């Protein structure tokens, strides 16, 4: 799977609620080892801490896809942080769709059955394999690749 | 019932057209209309009926036009957007057409605060250009605005006003062009005193080729007195009376000022005739319909053409 | 001389902030049908009805899962749910846990210890007080309905039987020195006014003796510290107790340091210094290098104010016991041991954490040594620097102190949240440890006074309850009774 | 407060299309409260427009800034320092804000990003409702604190039309008939006699005036 | 040392947003935009300066908040909450705690000693050096104010064997050879940390810092290249006996360290021959039975021994034992054998805060060697991602050498001041006199047992509260 994403050069910005199981520093690092530059992880104290701007800025600057994993519905420490996150993600989707970017580039997973961070991340990675590199970043990316090639020469 | 606008026929025929204005009474008496009609009969091709001019309540323009039709004259129904929303405006257009009224003049109207109902709500649902569009849609598409079909489309000769004397001049020409694009067939201008400015405007209009698409009737108003001249210059928006004209009026004794007003008016028409693209005259002798006959005669605009009714 | 006032009245004095913070939060969804059942069920007044709308206005009073009638279980529309308040867990520190902060606020509001749901007796430092427990014999009953007023928790401050004032305080504590400059004038006045009402004292600290305190001269202890800020003959003559500060527990072995920003015109004039310039109080008294020097100091005060009691405030080095004996022979009445956990103003972290020993070790050592020297009965031993709760008071007395000094607890009653930023920016953002005029206005004097009175009335009741459970009539019976304590790390080993 | 909604993004993009350096100007008052033009929305719109530009491969400079209030000169004037760096300003203020900014910075195009809606009330979180048309001649006393000019679809002043059914308006059955509310309110404090009166035609000149209305208080002027 | 030793510090900004313990969660939905908004009243202007750092997705609300909670407590809709920052909690490990890391960042940024109000907030005691309290003097044992006072407090130590006595020629000139004694003004030597995303500029920056501080940077011999050798007088190359050693290009280096291993003797001899003017030191892993080894090394003439525990301050062979008591026992053994002054004992591994320097010296070290603190000074988060070849979140290898040097100097400057504070409180004016002064310290185990050891008995039926 990691190979697929390498071929696609898709970068996922993954925000996740610190309350989801097995999401500590070590779990995070093993994920990063697995996916390399294809994943950027951002633990947050509550998914409701996330604002549309985080997602937009991630898409603007470095991410092909931005996802949020929240704690299960009804289990937010702040009661409705995850519900807020859900609505914010929905709104952000609408925004990017309105400018012609695939809505799928933004997603939210409300954790169920106490899935681990790694498992959720794998599933998300699986879900997004069909997406092409983001048209937002492609000019940059093209330049970067050029640069890399130059270095190789 | 009249099938075609007399005004349209005259213009189509390539003749200089003449129209005059007739203000309905501040009352319900039809005789006032008939009286004015007789004064104008044979002197003009069509008679404009004002629509609650200066926002003062008068007999409705539509009704007065109906009376003129019954008198066998060709009325121009003036419609202001101040008092009616698009529902009323469209229904009035249908009613007018049904009564044989063929000419409408689409106007914004004076603000309600100027008249005798200053507390009234101004409607201004449409503006005059939109009204032209609506009328054209009804006539040419056979639908109301928004697309609902009409059982029968109205027959209309659509007119609009133009004021070459308001500022900025460039915008006046842009507006004329927009009115033409919206579908106006004829233009009646604000009364012309400042011929230089008028010519300038006409030149600009000609530069854009506008007169080819519309019949421009230059408006004239005989001055009754130097006092009236003063008033119109100072108080009525969009009126531009040059100083030499003012002086000319003032230089004449009071009892001969009316005559001088008519003289000026006739001279103006004569000069306007020289201007390329002018297709006729609109004589607005305000509450002085008697003067029209003399002006038309002295301006060599008689007799008015007549056509056999089909 | 005994003050023996009637105890002041407790008056309910809620937080001065719109949203008081509690341990739990309740959440009400749109499903609420406004039936008001929760309002009826809740014994703590968490919910209120306003114009047909039920509102959860007083989250902070919720006792959470320990509630006998949980509204969130009884709600017919299942519109209520309960969570621990995440904000609660961001507050405080290991010594002043969020539980202790909130229960202190509860006491300051209500004058009683919190009903349930909050640990109000110990903190989370995992040593000392927090590993010590009071041991109650079954002989003296368990919970008491109402404390008996015939239990005496007052203590004598002059045990030398000399010609100085004979002062008895009605509670076994008085207010530790917090200088004008490190705290606002309102904070200072709140403390002093409350001390007067409670029949005890409060120290000015080293920043001078503001005129506003004059009406309370009989309840003020004035401090003579190394910087001698604002110390004048007149100020020494005004009071009944004069306190020498040799060191303070928060920065033992180091001088005090008031940042230039806090030296406002008022502070500067009080301290006879220059506005905007930092002030250092050196360490130690450069005129005292021996017990003999120390005695000269005491004699100097006695010459100015012959009847004054002399308190000597020191921190807790290895030889604190020797210092105590030396102070006795120099003529001191009160040995004030200041441990390293207290302090208002800024101190280097390295000093607070590492220098000198915790008060729990120092007090037994001094108690034992004074006893061995045969002078324990002649000296009043006061402990401070980390006394947070009535249980801490009972424990330190059982370890050998006669009474305690309080400081931080009062600031917490005034709304201190232990953010540890006393010296930053304009000073305390909550208007307690600041000299910023605008921030000072955040506290109303009457409110502040009552909050401190309420807190100490709760302490008082709790101490009486503890003594009753020990079967004691007076707090003096508890002094040095280590058999009333157990340390969990050594329990039944 | 004044409420507003963001315009469709396509419309905004079309308007800013000719420009390469654009300042998004938020307003932190009314339109912030209705989540249309505050600091946050401004940042979001800026990011969205940057993303859109990048997708087109265009190099457009989009910055954002939010002022306390766009309808007060004092808050606008400080923009003088930065405004010259831009080709256009996309304002997230209400119509009043857009015009006030435009009036001060006459040389630079000021483009509205919002549709200004109405004077209204925050009825609930995320729910704003119009309840004043600013007629300039308040009649709420007579109608028990419910404005028929705003809340009756027909602006009727002398009682409900025949379309009122079950207390709801015929125009929108979701909306309570204003006259039902007026009736209930006036009954509640025994003031139904106020409904007996025939209210004469409304003086609209206070609303429409002669061009823009203004208030001048000389005592407030210096 | 003629002039007073002062470390010049200057604030050096962070390159990345710092992580702090807690942040603000401010819901926007439902905000009433009150005219007097609690956000506008923030004493620290946190909301006015709000910004989003994209690299780490850090909202400045996360790290500028000073925890006064006024906004939380004032918002009429209760839309503002506080939260513990999971990124902060995840910093470091149980030894390199978030607190240690954050305070080190502060010192490296500002050059100031950490100061806070409202008393001590930490645990009662802790493992290792945290279970020691240093003494202070009250009235009967005078000292002078450490920082602001009049007496000079020396933190200088010398490396090498102290001559037992000096000999003089007949004409009265010094006959002893003082060359085998190197002075450093600070009892701290820097060492390249065991991990880290290091670039050339990092090494250079540290060398520069060592030079400016007047101390040494110990680094693996392989790391020395043409650029670094320019700092030779403040470098300690570490030579591993496992690696071939030949012509080394270390001419002019003053101190060379040999790692403990089979060949150490041969290599030491070789070095002494090639570089007669350089001193040699032996670096030993700190293990349980090391005392005997140290004694025999000293007896065989080794004059500098560097003992290295684990990076969490334990014995290399037993992670449950803290190095504190082992150092004490080595020191005491050397004293007993009358050879304490024959050797300079340096201690390293897990020293994370300024007080550890003083405490290690009290336990018997002459000075210390620090490694990870100088990495943390460069904003290292101790995530050890670099050990797994993951990118460094703060791109340490990209930092300029001047920045590296200034940050390191700031940290050491703050440590120096703290050592002065702690020595001043003890009334000790020369750090060399602090060595082995266990009497100036209090040990948790002793105090606690003495005080509470007897408070263990609870009878049946008694209730604890």
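For clarity, chains are labelled A, B, C, D and E in written order, and residue numbers in each chain start from 1.
Convention: a contact is a pair of C-beta atoms (placed from the backbone, for glycine too) under 8 Å apart; a residue touches a chain by one contact, two chains touch by 3 or more.
Treat the numbers as computed from the prediction; the structure is a model and nothing was measured.
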item	value
Minimum number of chain-to-chain contact steps, chain B to chain E	2
Partner chains shared by chain A and chain E (touch criterion as defined above)	C, D
Pair sharing more residue contacts (C-beta pairs) when A-C is set against C-E	C-E
Centroid spacing, where centroids are CA-atom means, of chain B and chain C in whole angstrom	93
Distance from chain D to chain C - Cα centre to Cα centre, in angstrom	55
Centroid spacing, where centroids are CA-atom means, of chain B and chain D in whole angstrom	40
Centre distance in Å when chain A and chain D are each reduced to the mean of their C-alpha atoms	37
Where chain A touches two or more other chains at once, by residue number	45-46, 51, 53, 57, 78
Shared-contact residues (touching 2 or more other chains) in chain C	86
Of all residues in chain D, the ones touching two or more other chains	40, 43
Touching chain combinations (by label order)	A-C, A-D, A-E, B-D, C-E, D-E
Complex contact set, residues of chain E against chain C	21-22, 43-44, 66-70, 72-76, 78, 81-84, 103, 113-125, 132-143, 145-146, 148-149, 353-355, 359, 418, 421-422, 424-427, 439, 442, 447-448, 450-459, 461-465
Chain E residues within the chain A interface of the complex	23, 25, 27-29, 52, 54, 56-57, 81, 83-87, 90, 383, 385, 388, 390-391
List of chain C residues in touch with chain A within their complex	25, 27, 81, 83-84, 86
Chain C residues within the chain E interface of the complex	15, 17-21, 86-87, 89-91, 93-96, 121, 125-128, 130-138, 142, 246-247, 250, 252-255, 280, 282-285, 288-291, 293-294, 314-315, 317-320, 322-323, 326, 340-358, 360-361, 364-365, 385-386, 391, 399, 408, 411, 416-426, 428-430, 433, 439, 466, 469, 482, 485-487, 489-493
Of chain D, residues touching chain A in the complex	8-10, 13, 40, 43-44, 47-48, 50-52, 54-55, 57
